[in-house]
Structure formats: structure tokens, C-alpha cells
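Structures given as C-alpha cells follow.
Look at the two complexes coming up: chain A is in both, with chain B in one and chain C in the other.
On to the complex of A and B.
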């Protein structure tokens, strides 16, 4: 079986399961940004704009919205890489079933990565449309925020998948959310500039992928980033993705091919 | 796609020589030799922990061989895993069905894993649902099925690629007698069609029903090999007299019945006398003034073979 076929069949399996829940999932992808942008962008943003004339020279909504797309992809990737993957490893043993066919462990990983990209595409595109309806991002290049936020999510997808491959229960997933996802969500440059953080936290923010993803999406939407600068910022999430991919592969091999 | 040059010229479908599997310090399979010919129904009989599942996982090309030789269809599973698995059907010990999908969808997606078209997958799914008598349940979710139905669905799924070789790891463990007989019947029909069956079991009746040939496994090794009949002839007597005594009397028996039978096994709850003529043995027991609570003459089974070889019962 070709490289692509194995990957495709793993994606198809996910799609078959998703077919049952897609309506609810898309509704969530639509209402979450709607409420967030209304409450934070317009409500809180109104206050920010009145008191300090926006952030970095743009209205708060324009500052906030693109960063939130990157953060939303991070959250989607994190959820997709934890419970569903552990279910396939040990609760439902879906991977064991798949590995009794010509499908291989690299096929499984490639398939999950492609599936994660598809899930994030839905989330990012819906979010982008809502943002557009709020009047932010009226240029063609603003669309680049979608691939940039997917790249951000991928930087979390593979390392968390590697972590999941080592788990015997779901206890660690709450910790990932509490100690990685939520702090980054709040402090990763989405809601206010990283420069406002204490120096130590600034270092943490720049060493992790979300802050770079936020720079990329914000740069795309506001049109204030140069190509070389963008390429530099893309390197960090890319590195996380690549390292995570190698770890996930070796840990899943250890777990499933005993 | 890949180089299919066989590593062995043996006509056997499966060939194992000094096959060994270790997990750290634990030796799960310790240098076993066996061969399975095309069209045969071959069994691994043994208690839990004997190394049956580890052997099956190596044959399935999922678990790497630690040392020794193993070929399936003449191919090395380390090099040709996907090619081998394309021609295999696997029924694992624990069901691995997708609970979020329907009965039919489970078969459809599995057909995709074998790179069959959706149309062909649908055709085979309907055919197989008929074969395992689940046609009426095809739109139901899997978790609504009984244990026996799930098992049949797992068997149907293992057949979606029309495998030449079907691996079954304890196919009927946990099923009620009626469900077991239905599974046995379907497996027998597959065998009639020329599908090679390899199964593990710790039920002697299952091994006797299904297997042309089997190996008895104990403590990671093969203790004996042959057809059920041969094994019984070799390791047991024609008949067995089972005696139950009041609990406090049983230990006193030691030695008292030695010349009544060829061999005696004293189990916690009964005494087994191995003899060619059970009725004569009963008469001899009575002649000595012994009054067992019950006395039953039966034919020898693989259970007796196992007891003889290992000194233990199959199912504790």
C-alpha cells in the first residue's frame, strides 16, 4: 500500500466518526469566537480604546482577534491529541485493530496529523469569518492567518501526542491543560503584548510556540510583518512540530509494537 | 512494491524455528518450533501465560521477534509486515471494535485499511454480515451487541480482506455455550473453504472440535505436538475413571489404588484413574471396600493430556 493510502484511510476513519458530531462541533466553532469577540473585543475593547487609544496603535479588537485564532487552534490541537488518541491506544484499541492490517504506525501518525490539520482548518476558518464579520482583516493577505494558526496548533499536536503515547490513564491531560494550555492562552501575547510581562515570563513566552503563532496571525491580519520576519517566527512552531513528530513516532512504536 | 523473495523454501504457511520472545527479563516464548501447512486448523493449547498470545502477535507481524526464525507465507515479518498482514485475518483476544461506529461501518472502514474500494467494502460487509448472522443489526451501534455478537462481528471484520490465514486468539473465551457453537460452526465452514486457521485456546473441547493438529504450550515452551487423537493416545489411556470421595478420606488413598490403574492423578476435588477399562477399575475399587460418593467413566480428553504433561489443569 502506498504512503498516501495508509494515511488517507486513517483520516477516513476519523471522518466517519466525526460525521455523527459535525453539526455540534461546527456550531461550537462559530459561537465561541462570536461570544469572545463580542465580550472581549467590543466590551472590554471599548474600555481599552477609550483609556489608552487601543494597543500598539490599533483598536483592541484588531489586536485581539488574530491572536485568538492561533490560540483556538492550539486548544483544538491539544484536545485532539489527548483523549481521542489515548482512546485509540488503550480504551477502544482502535490502533491495535488498524495495525493488524497493512497500515503501519507511521501511517497512523501521519493520518492523525492530517486529521488535526482538517479539524483546525474548520476552527480557524470559522473564526476568521466571524472576525471578518466584526470588521477586522479586510485584505487578501489576512487569509494567511489561517495557515499560520494551523501551524501554531501543529506545534502542540505532535508533542502532546508523544506525551499521550506514554499515558496509562487520562490524569495527565488535566495537567497539560492547567499548566501549559491555559497559561499560554492567557500570557502568550493574545490578550496583551508580551512586553508587558515580567522578564522571566517573557522568556518563557518566546521559548514556546504560541507567542510566535500570534505574531504571525496578527502580522497577517494587520499587514505589518515582513516576509523574513514571518519566516523567522515560523521556525519555532515548526521546530516543535518536527521534534514532536519524532518523539511521537518513537514512543508509539515502543507502546504498540511490543 | 517490495521485494518478495522468500527466506524459506518450505511449503509451510508458517514456519518457526527456535522462535523466542522476551520482554525485558521475562521470556514469554522460549525457543519454540512449529509449522503450519496450508488448509490446516492448527491450535495452541495452554493455560493463561503460556506464551500463546505472544506467539500469535509475532505471527501477526505486530510484535517483533526477539530471536529465532519466523516466516509467514515464506516471508520475514520484520521486512514484509504490511505484505503479510494484507493476506491475514486477525481476531484478537479482546475485541477492538470501534464503539462509535455502527456494525456495518466497522466493516466498511476496515475494508479501507486493506485498500479496498468503498463499493467493494460495502459488498463484502453485507456478505459477511449474512455469514455471521448479523444482517439485522447492521445499522446498530456496536455497544448494543451481546458478547457473542461482538465476537462474530470481529470474525467478520477479520474476513473482510478474504484472508488465506485466519489467526484467532481465544475466539470463544467468555461466550455462553450457544454462542460458542455458532462461532465454531462458522470457523468450521471457513476451514471447509480452504482458509487456514491458527487459534489459541485454553478449552480442550474447542481444540478437539476445531484443530487438526495442535501444540500444547506450557511456561513459554511446547510440551507436545500432534493431532488431538494422537496426543490422547500417546499421553493418556482410553478411559478415565473419575472418583469423588468425602473430602477427609481422599488423602488416605495414596498408594491404595496404585495397581488398579496405569496412572493416578489426585486432584483437590477428585481422583482420576487412567485405565483402558473403566468398568473393570470400578469393580476393583469396590472390591477393596472403598465407597466413593460418585464414580464416572469417561473417555480421555486433551485436559488429561495437559494434566499428564504439566501436572496442572488447563483452566484454574
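On to the complex of A and C.
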């Protein structure tokens, strides 16, 4: 089977399942940004603007919104890379069934990555539209925040997929959420500048992909990042994505080839 | 019923322990991180630091989340799949005991979190008086009781897992808009009145009053509201459970 066809079959499978649940999912990806931007951006933002005159020279809402898009993609990618993948490895044995056809393990991984990109596109685009309605990011280059946030999510998708390939039950997933995703969400530069963290934590934050993803989305929306600077920041999430891809591939090979 | 849950959780204590990590992280991230952008907040005439303002709200929210999770997702699972209750009511334990047992269990679990949280608040100097801290734990218990009763009641109406999403969709705006991160005075008067009758707002108002040391009659209204909500919840849940189990 050609490279494309195998990948597309995996994507198609996910799309068929998604067809049954998409209404709830779209509603969540619309209401979440709406609530967050209203409460944090405007409610809390009012306090921030009055006390500190905004953040880094822009109103708090403008500072917060692009960061939240990147964080939303991170969360989506993390969820998609845990329960659904383990279900297909172990509980429903979907992969076992797929591998009995000409579909290969690299097809499975490519398919899941493409699916993850599609899911994040929905989340990021909906978020972007809500942000636009709140009056943030009125330029064409602001649209670049969508691919930038998808890249951020991909930096989590493949490493977590690799982790999932080693799991025998779902106990580790709550830990990933608690000890990786939520700390990054809260401290990774989304809600306040990383420079406000203690020095040691700043170093940790810059070693993770979210902080760089937030710089990219914020730069795109506010239009204050140069192309070479953006390329440099894109390297970190890209490296996580590539390393995760290799690990997911070899671990899934080991797991499924018995 | 309470004993059963304790026994079942003995093997899962790490889950309980790590559940404590989250509110503390929120406290550090939001309280101190955002606190660097918002030096002080005026609430009910007093001016307090942002961490001091947010901490009681996070405590109330985590009491709510714990109680709601335990009384909806976990309880639904027991009701629908594990058939724990069908087994339980074959014994001399009655339906009311079963419902009450679930609520008490959720409250005990929430209590453990609250004590830990108050100890950390005290260590960070976010509580006006130690006495306020003790009262705040009791207040968190009351919040847990009210939401657990509400959660059990709602769960008895649930048919499928997708209904759980509705619960999440209701919790999120409550978390964000109940004067958690900014004072209620930000809203126009009509919205203020609406927010003021929601249960999480009453809970946050109660704990914030206790930990910042603004004790007045307003807190009595909070207590009455939450007690009433809890009692009505338990009563309705018992009737519903009886109908569902004894058919």
C-alpha cells in the first residue's frame, strides 16, 4: 500500500469515530475560550491593566489570548495521545486489527499525527475566531498563530504517544496531566511572563516546548517578532516532535510486534 | 458504606495524594505569578494581596471539584456498571444510608485536601488568624457536603457517560466567574445579583471572609444557603435512588 493510503486509512478510522461525538467537542472548543477570555482576559485583565498598565506594553487580554491558543493545543494533543491511543493498543485492539491488513506501524503513527493535527486545527481555529471577536489580532499575520500553536501541540503529541506505548494501564495519564501539562499551563508563560518566575524555574520553562510556542503565537498575534527569531523559537518544539516521533516508532514496534 | 469506600481506596492513596498537588500549584502559579501583575485587590472594603484574595477561592473550588467528581463520575460508575448499590441494599443497609454514605465519603476526602491546603496557606502567611484557618476547613466541609448532595442528585438523573460532559460544562464557568480571580464588583449590578445566588460564589465568599478576617452577618447567609442546598439534595437523592434501585 502506498505511503499516503495507509496513513489516510488510519485518519479515516478516527474521523468515523469522531463523527458520533463532534457536537459536544465543538461546543467545548468554542465555550472554553469564550469563558476564559471573558473571565481572565477582561475580568482579571481589568485589574492587571489598572495596576500594572498591562503586560510588556500591551493590555492583558492581548497578552493572554495568543498564549492560551498554544496551551489549548498542548492540552488537546496530550489527551489525544493518551486514552485513545492506549485503547487502540490494548483495550479495543484496533491496531492489531489494522496490522492484519496492509497498514504498517509507521502508517499508524503518521495517521495518528495527521489526526492530531486535524483535531488541533479545530481547537486552534475556533479559539482564534473567539479571540478575533474579542478584538485581538487584527492582521493577516495573526493567522500564523494557528500553525504555531499546532506545532506546539505536536511537540507534546509524539513524546506522549511514545510514553503511552509503554503503558499497561491508564494510571500514568493522570500523572502526565498533573505533573507536566497543568504546571506548564500555569507557569509556562501563558498567564504571566516567564521573567516573573524564580531563576531556576525560568530555566526549566525555557527547556520545554510550551514557552517557545507561546512566544511564537504571541509574536504572530501582536506582530512583534522577527522571522529569524521565530525560526529559532520554532526549533525547540520541532526537536521535541522529531525525537518523540522516533521514540514512538521504536516503542510501538516493540509493543505490537509480538 | 463509608467503610467500603475507605477500603477500596486504600490501594489508591497515591491518587488522593497527587490530587493535593494541583490546588497548590494553582496557588503558586496564579496567586504569586499573577500577583506580580496585580499587587493588591480591594474586597469588601479591605485591601489584601492578590495571593490572599485568590487562595480562599481556590480552596472553595477544590472542595467543589472533589465533591462533584466523587458524586458524579465515580458515583455514576458505581450506580450503572459496578452495581455496588444493588449489592449493598440486599444487606440491612437502607437506601438512605447508601446515599448518605456516599455524601459523607465525598466530604471526608475533601476534608483531607482542605486541611493540607490551609496548612500551606498558613505557612505562606495567607491567613489572617489561625482561628480563621480552622473555620475555613469547616467551611470547605460544608461546601463539599452541599456539592456532593447536588452531584448525587444530578447523577440519579443521568443515563449515559456523555451526560457527564454537561457537568463539566457547568463547572467551568462557575470556576471562572464566581469572583474567583477578580472581585464581584467588576460586573454590572444585574450580573452581580445573578452571580451572588450561585453556590460556588457563596462558598468562596464564606471562606474568603474567614481567611481574610472579615467576619460579618453575610457569612451567615452563605452557611444557611449551603446547608439548605445540601439537605434538599440529600432528600431528593434518596427519593430518586429508592425509585431507581427498588424497581
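Just a few scattered comments:
Here is the rule we go by: the second predicted complex is superposed on the first by the 258 of 258 C-alpha atoms of A that agree within 3 Å, B and C clash if a C-alpha of one lies under 4 Å from a C-alpha of the other, contacts with A are read in each partner's own complex, and residues count from 1 in each chain.
In this section, a contact is a pair of C-beta atoms (placed from the backbone, for glycine too) under 8 Å apart; a residue touches a chain by one contact, two chains touch by 3 or more.
Here the structure is a predicted model, which means the values were calculated and not measured.
In the superposition on chain A, contact of A:102 is made with chain B only, not with chain C. Touch criterion met: A:178 reaches chain C, while chain B stays clear of it.
Contacts of A:187 after superposition on the shared chain: chain C is touched, whereas chain B is not. Within the superposed three-chain model, A:17 lies in touch with chain B and out of touch with chain C [touch as defined at top]. When the shared chain is aligned, chain B comes close enough to touch A:92, but chain C does not. In the superposed model, more residues of chain A are touched by C than by the other of chain B and chain C. When both complexes are overlaid on chain A, the residue A:9 reaches chain B alone and has no touch with chain C. Of the two partner chains placed by the overlay, neither chain B nor chain C lies in contact with A:254.
Overlap of the chain B and chain C interfaces on chain A: none, as no residue is touched by both. Against chain A, the residues of chain C that register as touching in their complex are 15, 18, 21-22, 25-26, 28-30, 33-34, 36-41, 162, 165, 168-169, 172-173, 176-177, 180-182, 186. Across the complex, chain B is touched by residues 1, 5, 9, 12-13, 16-17, 20, 92-94, 96-104, 256-258 of chain A.
Chain contact summary for the complex, chain B toward chain A: residues 1, 23, 60, 62-64, 81-83, 85-86, 88, 90, 92, 94, 96-101, 105, 108-110, 112-115, 157-158, 161.
Taken in their complex, chain A has these residues touching chain C: 21, 24, 27-28, 31-32, 35-36, 38-40, 43-44, 46-48, 51-52, 55, 60, 174-175, 178-179, 182-183, 186-187, 191-192, 196-197.
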